[in-house]
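Consider the two complexes below, in which subunit A is the common component and subunit B and subunit C are the respective partners.
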Partner chain A sequence: MARIRLTNKRRKALIGLTFVSPWIVGFLIFTMYPMLHSMFLSFHRVKITPTGIKTTYVGFENYKYAIFSDPAFVEKVLKYLQEMALNVPIIVVFSLIIALLINQKIKFRGLFRTIFFLPVIITSGPVINELLNQGATSIPNIEQYGLFTMIENSLNPVIAEPIMYLFKQIIMVLWFSGVQILIFLAGLQKVDQSIYEAARIDGASSWEIFWKVTLPDLMPLVIVNVIYTIVYVSTFALNEIIILIKNNMFSTITGFGYATAVAWVYFIIIMLMLAIWTGLLSMKKR
Partner chain B sequence: MWKNRSINTANKFRKRLFGMGENDGFVFKAVVYLLLIGIGFVYLYPMLFMLVNSFMSLDDLVNSMVKWIPSTLYFENYAKALKVLDYKTTLLQTLLVAGVPALLQTVAAAIIGYGFARFDFPLKKLLFGLMLATFVIPTQITMMPTYLMFKKYELLGSLETFIYPAILGQGLKSALFILIFYQFFKRIPAVLEEAAEIDGAGSLKIFYRIAIPMAVPSIIIVFLFSFVWYWNETYLAGLYFGNELTILPLELQRFADSYNKVYPPGSPGNQLNEAINLAGTMLTIAPLLILYFVLQRWFVEGVDRSGITGE
Partner chain C sequence: MSYQGTKMNPSKFHRSQLKFYAILIPLAFFMMLPIMFIIFHAFKPIDELFAFPPRFIVQKPTLDNFRELFFTTSTSGIPFSRFIFNSLLVTLSVMFFSVFISSLAAYAMSKMKFKLRKALFEVNTLALMFVPIAVQIPRYLVVVQTGILDTYFAHILPLLAMPIGLFLLKQFIDQVPDELKEAAVIDGASEFTVFRKVIVPVIMPALATVAILAFQAVWNNLETSNYYVNDEGLKTMSFFMSSIASQSGNTVAGQGMSAAASLIMFVPNLIIFILLQSKVMNTMAHSGLK
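And now, the complex of A and B:
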């Protein structure tokens, strides 16, 4: 009987694989297989009958319909792209500002932190929806203030519109930035204090220190937060596209096949968005 | 010459107002507090709005003189909302739906994160990359086949639809949690484990006797966030649970419909109004708010201890 002697290294590798094995199994069952299956479904017309699922191959029909013919989808994608272009930088910059603010030696720091992290726990679609419906998320009667009419009238609509949008959405946008603040704050607390001291001795102002020391140090976290924000906003339960996908799932006209095709197109859009943003940010870094 | 001087004066002015180094100027401080209070108000405003309005009687709602202070504390809204949400049952179910998967997800993430952090094995880099990539895959891609799969094995409507993915490291935002544990276990010095190994302890024993006790802060954070996220997950819950199980946010979504069932439209004095709606919203987030205020130390301070950002 040949006894296989496991070297220490091999034995360790096996143990490591054992620890990771739940993930591997889960990945195959709950990620890999569903992805392949949904890819398959997206090329089919799917009918769910009491006896099982019936699929008919339709080629790129679902995709063509989604991109060229479905007015609801195209319109929502355009709106989504516009919102992302505005919201992602706003959310990330805001969370960075808030993290910087509460990282300072201020009075009532604990209280402020507690308030600013509220969005971490209030994240469910229906609750935010309810707040939206009751008008609790925008500054009340914003149109009444002279400042805003002034902005609207005096500026070019191209500039005025995003500004107005920002004011109307401000609370909504802030509610998306809980985890990002946490991540920035954790990063800020890790910045080596001696670098700050050295910079101060050399006569750098707080402003210079921020741009030349803090921000470059935080850059990896900026990218992490951009990715997190894009994923979070894109998959949020109130996002119109994901509501559209769910509605199509159980629609008798379009069904699972079309819904999966829409989901894949959406996924590709999200990936492009991530690629563009991370690309831009890592270019800046150099 | 003139240019130089103006820069000098500008610098002096700036120093006075914005401060230098440790001593921040007065303007700087004032701006910081103004910003803090302003932004803080923006966060608190919806909460206050909700709290105040949920105590308003119909008369107060209609009365334009009453804006922030209800004339009487009107508890009837809460009584109605409690009944409509079927609060006791729904709350227990929500605790179950959020608690069990969160617990299992935490355990799974710790085990998997430990495996990635402490061992070398073939294809590790590829697997780790795939693991991170799962974070950006929207559930909309995978949920339909998963739904069909659950349907085939008759799991729809049961908590198992949340449990199985959680155990296998594919629950809500699992990649993030595995990453947190990975970062944490990477930081533990290997000496401790080596010492235990020489003493003859097996890997499993080292894991739960040495690694786990050290990871308690990470465990608490991961569990809390997982719990909160499962609590708030209405999209998948609505899809997988059907009418068998429910959670508070889902019931809030159906609030208007359920209300009309309990208080049929037309019955006098029982129309649904925004105050009742807000009482329902308040009741939905109250347990989380309580959890947050009791354990806020962990939400607020513990993050840097959990190793979320790595080294």
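And now, the complex of A and C:
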């Protein structure tokens, strides 16, 4: 028997795989396999009976129904695409601005950083649940409280309307931007200070420095943040399409098979959107 | 710029800083609103809970909601401490293991060279985009087949694979220059030593972030208690709290109790956040990366 020679390269690969293996095992069992199984179910009509789960093969029926016949799904997807086209740039630009601001040498910097990282515990967990329990079915409904009522009552509707819209957006954007701010902040702290000094000596204004030095440096992180934002907003538990999928899951008419088909169509939409966004951004880089 | 390390606040206030405050203070106020709301809400008497239009700030604070809640919990069959223990055990194990597993994998995918690493990371990013609830039934089947139904493992194992954690950690480790690792390797460090002594301290902010996210995901998780565990004594606090709110349903007292329960569930979130955020905020200040 020939001895397997452990070349240096092979040894390294083996160590690498050992490091990844616990993750691979968990991922395969609890994420990959369920995903593939859900794809299998999406081609079936699924009935949950007390004795078990009964499936009948229906081919592309579920998909056809979702794309061509289900008015709720098509309408929600269009609305979702519209929102994403607006919200992704707003969230990313906003978190960049906040990161730049709290990277300045100002007093209470630590406090501000803490506050702007708070959304991480707001958008997941009991705060959102509580707002939901209050009959606020979507996040923007928080506008009912206090300040917003005040604005509505004290101002002419023509002026109040755009202000309200802006406020709603601000809150949405703020709530979804915690981790993105952190990612930018980490990137900003890494930018070599001597480059700034050199630029300043050459007579560049802060504005020029931002566009010529800071932004190109942060570009990879912009892409990371775009991906993170799209994923976070799209798979957020209160997203309308997710609620639609949830409602279909235990519906007696459509059922789990249909819900998974919708989920897969949605998955492909998210993927396409990510491809378009990252494509656009890396084109600009060149 | 002089080296400031952890001393992140400049010692002097200057007029030129005013323009930053003009933007930051109002925004910071908005960030605080939901948290203030949940605190105020728990102390509202019944008539204020149902006031229309709803009031933000409590007028006559009362502890009635909490009293009601504790009365209900003391009459249920299983002692309340049991739920607290379950929640703590499950949450802490997931936090520790998922951070450990993801960071180890992220390090290998970022700084070690082997064939599959690119493909694995791509697969992870794809999984990130998949709607989590759509795998609920297949996941349930896995839980049944692996025989972990009705055990603590049913709470822990399904939540360990955290695609978002791996994604964030790898992005952070990518930022760490290779030279840092090479220097350690030349000094004779093994891969694991490099990971533990070089990488972990540098990516502390990312680790703390992922730990916060993991805590969030597990502490508030209802899914595992709802579907994977039938034994009442093995369910978690979040399940218990939400069942109190739904049992008393739309009753008037139920609203108050659920407001109080939400605050109780929220406080640990805030504590963990405050404990870990100092690590998050220190970002890369003393990592030798500048």
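The rule is simple: the second predicted complex is superposed on the first by the 224 of 286 C-alpha atoms of A that agree within 3 Å, B and C clash if a C-alpha of one lies under 4 Å from a C-alpha of the other, contacts with A are read in each partner's own complex, and residues count from 1 in each chain.
One rule holds in what follows: contacts are C-beta pairs under 8 Å (C-beta built on N, C-alpha and C of every residue); 3 or more make two chains touch, one makes a residue touch a chain.
Because the structure is a prediction, the values reported are computed rather than measured.
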Contacts of A:Gln193 with subunit B and subunit C, given as first, second, both or neither: second
Contacts of A:Ala275 with subunit B and subunit C, given as first, second, both or neither: neither
Touched partner set for A:Val74, first subunit B, second subunit C, both or neither: neither
Which superposed partner A:Phe112 touches (first subunit B, second subunit C, both, neither): both
Contacts of A:Ser205 with subunit B and subunit C, given as first, second, both or neither: first
Intersection of the subunit A residues that touch subunit B with those that touch subunit C: 12-17, 19-20, 22-24, 26-27, 29-31, 33-35, 37-38, 41, 53, 98, 101-102, 104, 106, 110, 112-122, 124-127, 129-131, 133-134, 170-171, 174-175, 182-183, 185-187, 189-190, 221, 227, 231, 234-235, 237, 242, 245-246, 249, 256, 259-260, 263-264, 266-267, 270-271, 274
Contact footprint of subunit C on subunit A as seen in their complex: 12-17, 19-20, 22-24, 26-27, 29-35, 37-38, 41, 46, 48, 53, 98, 101-102, 104-110, 112-122, 124-127, 129-131, 133-134, 142, 144-147, 149, 170-171, 174-175, 179, 182-183, 185-187, 189-190, 192-193, 221, 224, 227-228, 231, 234-235, 237, 241-242, 245-246, 249, 256, 259-260, 263-264, 266-267, 270-271, 274
Complex contacts: residues of subunit C adjacent to subunit A: 1, 8-10, 13, 17, 20-21, 23-24, 27-28, 30-35, 37-38, 41, 53-57, 101-102, 104-105, 107-109, 112-117, 120, 123-139, 141-142, 146, 157-158, 160-161, 163-164, 166-168, 171-172, 175, 191, 195, 205-206, 209, 212-213, 216-217, 219-220, 242, 245, 255, 258-259, 262-263, 265-266, 269-270, 273-274, 277, 280-281, 283-285, 289-290
Subunit B residues within the subunit A interface of the complex: 14, 18-22, 24, 28, 32-33, 35-36, 39-40, 42-47, 49-50, 53, 108, 111-112, 114-116, 118-122, 124, 127, 130-131, 134-149, 164-165, 167-170, 178, 203, 207, 225, 228-229, 231-235, 239, 249-250, 252-253, 255, 274, 277-278, 280-281, 284-285, 288-289, 291-293, 296, 299-300, 303-304, 308-309, 311
Touch list for subunit A against partner subunit B, complex: 9, 12-20, 22-27, 29-31, 33-35, 37-38, 41, 53, 97-98, 101-102, 104, 106, 110, 112-127, 129-131, 133-134, 136-137, 170-171, 174-175, 182-183, 185-187, 189-190, 200, 205-207, 221, 227, 231, 234-235, 237, 242, 245-246, 249, 256, 259-260, 263-264, 266-267, 270-271, 274
